[in-house]
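Let me begin by handing over the structure; questions about it come next.
Going in written order, the chains are labelled A, B, C and D, and every chain counts its residues from 1.
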Amino acid sequence: MDGLLKELIEQCRQDTVNGKVASYIPALAQADPNALGIYILDRNGLHAQGGDSKVRFTIQSIVKPILLLQALMDNGEEFVRSRVGVESTGKPFDAINISEAMNQEILSEHINPMVNMGAIVMCTLIKGKNYKKRFERLLELTRTLANNPGIDVDEEVYRSEKATGNKNRALAFLMRSCGLLEGDVEEVLDCYFRACSIRVDCKDLARIAFVLANKGRDFAGNQLFPARYAHYVNAIMMTCGMYDGAGDFAVTVGVPAKSGVGGGIMAVVPGRMGIGIYSPALDKKGNSIAGIRILRKLSRQLELSIF
Amino acid sequence: MDGLLKELIEQCRQDTVNGKVASYIPALAQADPNALGIYILDRNGLHAQGGDSKVRFTIQSIVKPILLLQALMDNGEEFVRSRVGVESTGKPFDAINISEAMNQEILSEHINPMVNMGAIVMCTLIKGKNYKKRFERLLELTRTLANNPGIDVDEEVYRSEKATGNKNRALAFLMRSCGLLEGDVEEVLDCYFRACSIRVDCKDLARIAFVLANKGRDFAGNQLFPARYAHYVNAIMMTCGMYDGAGDFAVTVGVPAKSGVGGGIMAVVPGRMGIGIYSPALDKKGNSIAGIRILRKLSRQLELSIF
Amino acid sequence: MDGLLKELIEQCRQDTVNGKVASYIPALAQADPNALGIYILDRNGLHAQGGDSKVRFTIQSIVKPILLLQALMDNGEEFVRSRVGVESTGKPFDAINISEAMNQEILSEHINPMVNMGAIVMCTLIKGKNYKKRFERLLELTRTLANNPGIDVDEEVYRSEKATGNKNRALAFLMRSCGLLEGDVEEVLDCYFRACSIRVDCKDLARIAFVLANKGRDFAGNQLFPARYAHYVNAIMMTCGMYDGAGDFAVTVGVPAKSGVGGGIMAVVPGRMGIGIYSPALDKKGNSIAGIRILRKLSRQLELSIF
Amino acid sequence: MDGLLKELIEQCRQDTVNGKVASYIPALAQADPNALGIYILDRNGLHAQGGDSKVRFTIQSIVKPILLLQALMDNGEEFVRSRVGVESTGKPFDAINISEAMNQEILSEHINPMVNMGAIVMCTLIKGKNYKKRFERLLELTRTLANNPGIDVDEEVYRSEKATGNKNRALAFLMRSCGLLEGDVEEVLDCYFRACSIRVDCKDLARIAFVLANKGRDFAGNQLFPARYAHYVNAIMMTCGMYDGAGDFAVTVGVPAKSGVGGGIMAVVPGRMGIGIYSPALDKKGNSIAGIRILRKLSRQLELSIF
């Protein structure tokens, strides 16, 4: 497997030249645009890796399935579903109409936990005395899923996200105005900005993906959450996880996955394996360009498609 | 004329039962739903009034043409036009798409000074050391236009608007996120909420409208602003002043006008007269239902249409 | 006046280089991109003209106010208003959502007689045994308004419009599917394509505009239609007549007008004059680029703005 | 298994009272609103059925995956993908903006083979001398997949679809106008209306689904098409197959499926089974209400979710 990964990385690294590193905050812009790393963990205990698999980067939107998972664990499916819809918005990122006619019910049905608005609502559903505690619980869940107590927050990225996050403030106040979001907007967003700034590497993503692929059971056999929460999270990743490129990804790769503008992709192969990817050069839809490419090749070689 | 107004008020007061008083803040909900008042000032010095013309109410969106006027006086047409477009949005109130693709140029062309976003930008264009000074200048202009130094702010409405104005916070942060709005968002909004809470009566609106109808010259003959600013303001009121009912109003009344959810309508009959109306029962589009009705009848009787 | 026009034409002709002649059918693409002509008829009987005022061209969308007028004359305001709305769509040309939820009422309120869908409905409202007769009545009205019995149809343009008009077929079938359009779609469209292919010159447009400016009375004093139909038509031209540039035109020129992709503009100065313009180089919004420019200058020089 | 199905049908049949039979054409309105039937075929050769599994009904939108399959078999993935996108539109049925700015590329990326526009394009991609031959090939493929040479067309439904299909005419002419659809519009639509009127029963759908679940291999072991075409079709059914309820279906059932307004659902359980359902009472999104319900229960009982 390591040989295969090495070969695929050689083939795909050149695709990075067709992408661009996210530049809306300085810390992201400093990433090496040619980096490409991968880590795979399968159910037989095989660990394989290649390329820049040890680089640490911020999780960004890949925290969204973890936020959803924490909300499910704290509230159950029914309650989470009642607050945020599960349909693809059909628009890149977090498009939504602001109109006077917008009310809580309509808005909640037009968002999902894989877009910013839905993920911000998830922050409010995590249990905890205050938002510091809520975030600590999310971070703790992330560490447990990845079996890595060293996972921390990139403070520089967090501060930049917070300083420049006016688009997310707009989304939060929109939800506040129609009753979809409760609590102090800045506190909720602080939790969200911290969540996006969690620092991981490919191995961490592969381990988290493995638990989702394994119906909530980690490699040691501990049932971390009920199997049906894994179904819930994986299903939404499948339909909404790759921004406006979810359909193409479903056809050409065929597994649930979530990408982030930090360059990561977490791919879940149900019943078989967890995959973590890092390559920060992004395509126009905001997905890692070489990351998608290597997943396509891998899916064909190993027949990963669940379809 | 007073006889005609009395007759029209009798005919139209019953229409108030088909409308609803704005209720998003308690202070507005307390208004008498059957109230209907009108005040007319024509170029020959005739003052006519009828009904509840002496009730004081908050100006709400009717401050938008005054905000635009102050911005024009402080910056000139070219600069104001470069910051905020002049096309009808075709959507009620302040609909806009929030999407990642949205940039400053596109957003600025899709708003106009008669919708909330455009009016909020106008606040940032008023000259002044700080937002307290800026608002004072706007209030002073309002008093001068109305020739009424007693115009003040309804503090209760102001506090309610500020407490509940999360939709406007969303709009402001959206503009902030793409560079269309500068300065501290809460300070800008504070100015905007105060502006909406200015308290006027029908006579005040009639006098302000008169100056706009008279190419910037007040009744005493003072040129308060250049004639072309009156054209600018009146033209935008014509195409965008009555929310989603601007076309119907143009066809059936045929003069520039601006309405507010407080129940006021300010109508400008170029070269002839200024009209102020108060009737807080609103139709579904947010316009005073009896106010529009009385203007239709008046327009037909006095042949007011500029078309 | 002829001197002024000559001077303005010299100043504005150079603007044609920034525009493009419509090219979706060959006959339009052959137009001289540098052409610029103007004709003015005022209430004192003054005729003035300049530049290429004698070139004949197809009326295209400028037939829309005439279609509306014929529909009003045949059905009255109330019936016409019940079939087609009067609000600006806020979208260029004839944008509309096709969705299963669309029904007749919603669709009719989202169109107006100045966009293709609304104008196509107007064809169905003209009285006549068959569509040949209906079109003949429209052509006759056009000739009467222009006082020019020689106005005819450009057969080549008509055939091209019919051959390439699939967008209009889509719009017509959409309206058919929700009951907004009755009759045989191809026959209705044939009438519409012929209407767009009526051939006029600047003088024709100036004369038609004059009747609209003069409350339905032609130069000889004949009342061709009731004054309130002129209000109706002029009001809608003001708010929707210049595609997505209606607001800019209202602010900078300030009179009701309608443009066509053939390069014509018909401008109505209520109570004062009718203006016909020809200059086929169009801006991005589909309006004659030099035509708008010369109208701006003329409006400033002669204080034409109705605001 | 038959026992389980009997029990589930008893539990779910009552849900039909919350739905409505499609009524846009008379032939569909005549369906028994309380009908509910199911047929399952698994890889071990087990055939199970329950309820009204022998009723024949029109395939309607469930023909869309078959149209896509035929297009893939005739043109390959790359060509099909170049003509029609694969992203969820995020709008019910076939919403799309008609605007002048719309061009072939934008339009093709905003549709997919599971919405009407995409399916109509598929008709043009089927090989054949004329549209009669093309349809015959599609019908033949349907018979082969279902292993049922008796599958035919419901002529009454076909004539009604053709007579009332103006919405589809609008969509076809829209595509024609920007070059996305070639050929005679009425001939293409005739093929499409016939395709929607193919008559099947639950067993037919179960057999077709089985081949898609079995990587293109039928029960007898014949490879009817390449495995990667099954991936393509199943992936798009997963993300776009259940109209505006695709996300909910993914979360609660978790398998690729396609529904039709005739009351059918075809569900594909990759590697395991094919399922055919009939229950014509539809929910507001156009999906069989009891059909979805029984699939939810079945998925939980048999752990069908692929996630």
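Quick notes on this structure:
Heads up, the rule we're going with is that a contact is a pair of C-beta atoms (placed from the backbone, for glycine too) under 8 Å apart; a residue touches a chain by one contact, two chains touch by 3 or more.
The structure displayed is predicted, hence computed values, not measured ones.
In this structure subunit C contacts its sequence twin subunit D using mostly the same residue numbers, the overlap exceeding half.
The distance from the centre of subunit B to the centre of subunit C, each centre being the mean of the chain's C-alpha atoms, comes to 32 Å. Between subunit A and subunit B, the centres computed from C-alpha atoms are 46 Å apart.
Chain geometry summary: the mean Cα position of subunit B and that of subunit D are 53 Å apart. Shared interface positions of subunit D, defined as residues touching 2 or more other chains, are 91.
Taken as a graph of touching chains, this assembly is arranged as a ring, one closed cycle with exactly two partners per chain.
Of all possible chain pairs, the ones that touch are A-B, A-D, B-C, C-D. Within the complex formed with subunit A, the residues of subunit B that make contact are 91-101, 166-167, 169-174, 176-177, 286.
Against subunit D, in their complex, subunit A makes its touches with residues 81, 85-91, 112, 230-232, 234-236, 238-240, 244-248, 250-251, 254, 256, 270, 305-307.
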